Amino acid sequence: MGILEVQNVNKHFGGLHALNNVNLDVIEGSVHAIIGPNGAGKSTFLNCLIGKLAPDTGSVMFQGKPVLGKKPHEINQLGISRVFQTPEIFSDLTVFENVMIPCFAHRDGSFMMNAWKKVKCETDIREQAEQMLLDVNMQDKLHMEAASLSRGDKRRLEMAMCLSQNPKLLLLDEPTAGMARADTNATIDLLKHIGETRGITKVIIEHDMHVVFSLADTISVLAQGAIIAEGLPDDIKGHPKVREAYLGEAEV
Amino acid sequence: MSVFTPNRRGLIKSGALLGTGLAMPTIFTAGSAAAYTNAPTGSGVTLGFNVPQSGPYADEGADELRAYELAVEHLNGGGDGGMMNTFSSKALSGNGILGNKVNYVTGDTQTKSDAARASAKSMIEKDGAVMITGGSSSGVAIAVQGLCQEAGVIFMAGLTHSNDTTGKDKKANGFRHFFNGYMSAAALAPVLEEMYGPDRNAYHLTADYTWGWTQQESIQAATEAKGWETVNNVLTPLATQDFSSYVAPVLNSGADILVLNHYGGNMINSLTSAVQFGLRDKQVNGKNFEIVVPLYSRLMAKGAGENVKGIFGSTNWHWSLTDAGSQAFVKSFGEKYGFPPSQAAHTVYCQTMLYADAAERAGTFNPCGIAEALEGFDFDGLGNGPTHYRADDHQCFKDVLVVKGKDNPTSDFDLLEVVQVTPRAQVEYAPDHPMFAGGALGKCNPGA
Amino acid sequence: MLKYNDKVLMIVFAILVLTGPVILAPFGAGYPDLLQRFAIFGILAVGYNILFGLTGYLSFGHAAFLGVGSYSTVWMFKLLTMNIIPGMILAIIMSGLFALLIGFITLRRSGIYFSILTLAFAQMSYSLAYSVLTPITNGETGLQIRLADARILDPKNESGSLPSTNLFGFEMNDTWRTTFMGMDLQFNVGFYVCAVILIAAFYVSIRIFRSPFGLMLRAVKTNQNRLMYTGINTKPYTLAAFVISGMYAGLAGALLASMDPLAGAERMQWTESGSIVLMVILGGAGTLLGPVLGAGVIKYFEAIFSRINDNVLHGWFDFLPGFLETFMVWIIHPFVGKGWSLTLGAVFMIIVIFLPGGLMEGANRINKRFGKQKRGSADNAKAPAE
Amino acid sequence: MDAIFLQVLNGLDKGSAYALIALGLTLIFGTLGVVNFAHGALFMLGAFCAVIMRKILTLSHVSLDPEKTNFLGKPLEIRTPYVELWWGDVGTWMIDYSVLIAILFAIPVMGVMGIVMERGLIKHFYHRPHADQILMTFGLAIVLQEIIKAFFGANPIPQSAPDSMSGAMDIGVLFGFAEYAVIYPYWRLVYFVFAAVVIGGVFAFLRFTTFGMIVRAGMADRETVGLLGIDIDRRFTIMFGLAAAVTGVAGVMYTPILPPNYHMGMDFLVLCFVVVVVGGMGSLPGAILAGFMLGMLESFSSMNEVKAIIPGIDQIIIYLVAMIVLLVRPRGLMGKAGMMED
């Protein structure tokens, strides 16, 4: 029994069969990578998981509860958090405020009419957020406006935001895309660190095979909307279909 | 804010200054013993001219302001004296009012009740005005009249034609010289009967607000009394621009008269549409189709251009009248501004004169004294023949003009011709007439 | 924005508001009606800022809530009592309910679609109030109190004149006048009622700004999607903000009617909503003081500039030689009196072009240039608070 | 039946005015992404081009008629327009056709006006929030209308259609109705045809010219076209001029139907925003469709039979429809995803 069970999910865009009978089982506590060439349907798949898109058919169960048909915020409140390909942060707010918001969401639920107490007096939330920023090494940027951060810092911030909700399942959409090698390594370390201390299940979409093979416990390969292979990293490395569809070109 | 620094120096330097303007200290102390609001303490008395300066009636407001300035000039002994010379009461002598030089302040009503009241309030609270006058629509007049009643100053209404102003919304501190919907209808109906015959079918288009309703009610009652039938009455939204969809159905409704109970922009647009649809070239029931506009004004006629030719309506006053008062007024207005005054200008000039005269005769600016002097006052020489200010509802009774759009105008101002001067007796009504019932004057309020 | 100390800001604000009749007298604005308007529209702008400044939802329908508040209050004056408290309570409840209904429908859309939906609602309310709903609103004339009204809680009125609105016996139009250094000072009960409520409303808005709720609203403005994927249901947040700002507008409407018991339909026109938007943007959307400042500037223009006629101009420039005086009057004439809206339009353009953050940004720039050492609220409050 | 046919005509006529104004507005929005609250003012300025043209044509030589007197008892001034004095009948004909001549005048004037507006003001607002754009253009609209008021006053100024096109025709006969059952003014029919031609012209221009293609591509994705090295900014400036000219001539042609006054722009502004939003921001066919749909509905809702069922429906129909459309179709009838939802 996986924490996330996806069965026979289909999605059409007009004539395009974007997801074709996708099945996926994510084991609790593992890191599950999804790889595939551009346009294979990876992001579409994630969008279906978080309620941004509604699949045509199929079912998605999270911890035995159905996910489909729920609104994005309800899905998040179940414990699924997502890091986007281009960082989605609150760019007009400070770094600290950015992290406090998910802390509130985690503590107070999807809506709470907390209009009188000052944010300043919410000590537990503040401590939590400070700790989180310490964890991602951003404690010196607490009061900077998020918009003024570097690209790498924005990604780290977004990751911090997702982590501070203490999600059960973290979806990462190309967390290292466009990063320099040093930053990539730092991110890998961070993700590993999280894995060890918090035991969060992760689904990760990635092009960078270095990242995939240093993190993943299981790898699924998506091509033209269908899962063409699934297995341990070593199995996938040698899988002929995968080489043909994907790895051959990726290692250029 | 340094813009305002030259202000006070300038004021002090020029004692002869008319406008009191900004930041002029009104010398009042707490617990002043004045018996009424804004009793003049120096040698001047301040009047508040509250007219529309923005919005659709801004031109009428501008004309009213011109007349006010002229009236103030005459009251202070300047100019040729205008209608002061022809006015039957000789209490005014050109030395201001009760020896007080007349100053004035101006404000913008924006043709909105709220803005008009705010403007009037600031005149009363800040500038110390003892009388507020002006306005070019009934909603505003009624709103400001109510305010003046509460504040304890006199309100001399400007152009307001709704029955309600001196009907269900009448106030002890408010006075109206202008005529009203009922009088328009009473003056028009006989002329219409004579011109178009007694068996006519009228179709009404009515502006969908209070004035429109009272106007329509009045004209329907008056024409039905002469034998006309009312085929339909359609209410049109105030904001309507293009009246085509209201005018088009008239063609085949069986009606042979269209009555446009509209004013201002509404009237200009509806009349333009009606003429464009060829209504006036039509024959219905063997008769020529005709259009009637119960309330006319020269400015509106100008806006409708060619379309007004031959169309009947009523008006309070017109510059082509030949009595001495009208001529004196047209002469002094025309020489000062280069064109003849409108009916709005005339009525506000008269109101200012009547107020000043009443104050002279009463010997005080106390609103109660002035009200007493105006109530039941009979006068002549202000352009409308012998006139009576009725005590019961503070409405003036005078002759009403029935006019027609002129076929061959000789100038931009020569758009209407007077068809008949309907004598006062014919337009009078009892104070408790059902169209005017429901209100009470209350008691005069001197404020303070 | 979070830098300065709220307590100092609050105290300075309260002092400035309460001494308004003295501070504003030299500018010719120290008379009760205008002072009341400053305070009332200040409340309105502060409320609107909770919606627009925090969430970025641009509503063109707030004039409708103002109108609903006024009508409810005048009806209370007619039916119950001239005491303003019941009217105010009913106004807040009614405008809140109305805002709940409208917000529930319109908040299903965002961006300009939301703006147009609110505009449509406001225009419908206005059109109906002006015509079909006349039995409730008294249409063109506006709803007013009459001698014959029931007023079941008040003692019978025998005086023959209309009663005044009051707060437990203190009449709103009572004014204590005095002359101080050649200035006419007027201390009016109504103004102080409005002022106290403004200060309270301002305090509430500070609390909302500083609360987690306010933080969520600001997050809605910057990235609504992220907020949804962070497990926050944005709809109740925006709806709550919409209702709160609608209630502020209703309260402002109630005060308008309490100071002057008449409710006109024009209050609900879209251009009135537009002028609320202008007040907030002019002052600085999303700032605390800005909206109050913007409301003051616009009302000042409307009340003072529209009343400057040629006589007043001649008075100003009387000290100049004749031809120069005429010249100056000729230059300024188109911008004052009936040209006041021209000046207003030009001021909007200039402010938006050169000071996108509104007057508050201007104040901050001046502040930065001149007083780096004196940071904090004292500087922000430098510009007149109203 | 004839009543319904009449309202269909009225609807088409109103619709063509709405569609024309909305066309310019949505063109500006679609190409430049600017919410232009000064658009109504452009319509008003167009209408005043007609007023100015007539004023120019009727500039008069003044002579005195000693036999007649004016209101002050002085000799009456006789005004003879110079064009009549110089060219006789041709001059009279020119005055008669001043509305049509004004179109030739309005196209360059409004075009230049639009370009100046874009280069001078709008340009600086492309990357500013919509609220700023609204405030600035709203301020501009007030300034423009106040300037017109200062010169022409607040009262409407009547403009007549040429003699040969005024009056009404019995259009019903053509459609098999009884004689005199359906009479419709010539000028409104002319307006309808004119609107159809202008709308067709704009569509053809965008569809078949290279310029139009680039602009359409720019509407779809501004940055990509910019990357291709095409000077899209200059083309957008011209587009703004074009939109202003289209709106301007719509105003010119409308003057015989509605005597122009200084605040007519504000009166039409809300309406054409509703039209554009109902059609879908930035969608040209949407604006046309919504314009005709709202014109038609407005006409039908003002029929007595309809008003008898729902009193006051004609006051609110436009807003009611706008609301229903927006709630059912989030982006208007033909709107694109992502437009104006931030």
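Order of writing sets the labels: A, B, C and D. Residues in every chain begin at 1.
Just so it is clear, contacts are C-beta pairs under 8 Å (C-beta built on N, C-alpha and C of every residue); 3 or more make two chains touch, one makes a residue touch a chain.
Quantities reported herein were computed from a predicted structural model and do not represent experimental measurements.
J.: Removing chain C only, and moving nothing else, give me the connected sets of chains.
T.: The remaining chains, counted without chain C, group as follows: A | B, D.
J.: Would you indicate which pair of chains has the most C-beta pairs in contact?
T.: B-C
J.: If you average the CA atoms of chain B and of chain C, how many Å lie between those two points?
T.: Each chain's C-alpha centroid was found; their separation is 33 Å.
J.: How many angstrom lie between the CA centroids of chain A and chain D, rounded to a whole number?
T.: Going by mean C-alpha positions, chain A sits 52 Å from chain D.
J.: Just how far, in Å, is the C-alpha centre of chain D from the one of chain B?
T.: Roughly 35 Å, centre to centre.
J.: Roughly how far is chain A from chain C, going centre to centre by Cα mean, in whole Å?
T.: About 46 Å, centre to centre.
J.: Provide the list of chain D residues touching at least two other chains, using ranges where the numbers run on.
T.: 312, 315
J.: Residues of chain C touching 2+ other chains?
T.: 127, 131-132, 341
J.: Which pairs of chains touch each other in this structure?
T.: A-C, B-C, B-D, C-D
J.: Under the definition above, what is the set of chain B residues touching chain D in their complex?
T.: 54-59, 62, 208, 232, 234-237, 239, 241-242, 244-246, 248-249, 251-252, 265, 268-269, 272-273, 276-278, 281-282, 299-300, 302-307, 319-320, 330-331, 334-335, 340, 410-411, 413-414
J.: Spell out the residues on chain D that touch chain B in their complex, using ranges where they run on.
T.: Residues 2-3, 6-7, 9-11, 13-14, 17, 68, 70-72, 76-77, 149, 153-160, 166-168, 180-181, 183-185, 187-188, 256-259, 261, 263-264, 267-268, 298-300, 302-304, 307, 312, 314-315 of chain D touch chain B in their complex.
J.: What residues on chain C touch chain B, complex-wise?
T.: Chain C reaches chain B through residues 25-28, 31-34, 37, 127, 130-132, 134, 138-142, 144, 146-148, 159-162, 164, 173, 175-179, 182-184, 186, 256, 260, 262, 264, 266-267, 302-304, 306-309, 311-312, 314-319, 337-338, 340-341.
J.: Using the touch definition up top, name the residues of chain D that touch chain C in the complex.
T.: By the definition above, chain D touches chain C via 35, 121, 124, 128, 130-132, 134-136, 138-143, 146-147, 150, 266, 270, 273-274, 277, 281, 311-312, 315-316, 318-320, 322-323, 326-327, 330-332, 340-342.
J.: Can you list the chain B residues touching chain C in their complex?
T.: Its residues touching chain C are 1, 4, 6-7, 9-11, 13-14, 17-19, 21-23, 25-30, 32, 53-54, 58, 61-62, 104-108, 112-115, 117-119, 121-122, 125-126, 137-139, 142-143, 146-147, 149-151, 164, 169, 208-211, 235, 237-239, 439-440, 442-443, 445.
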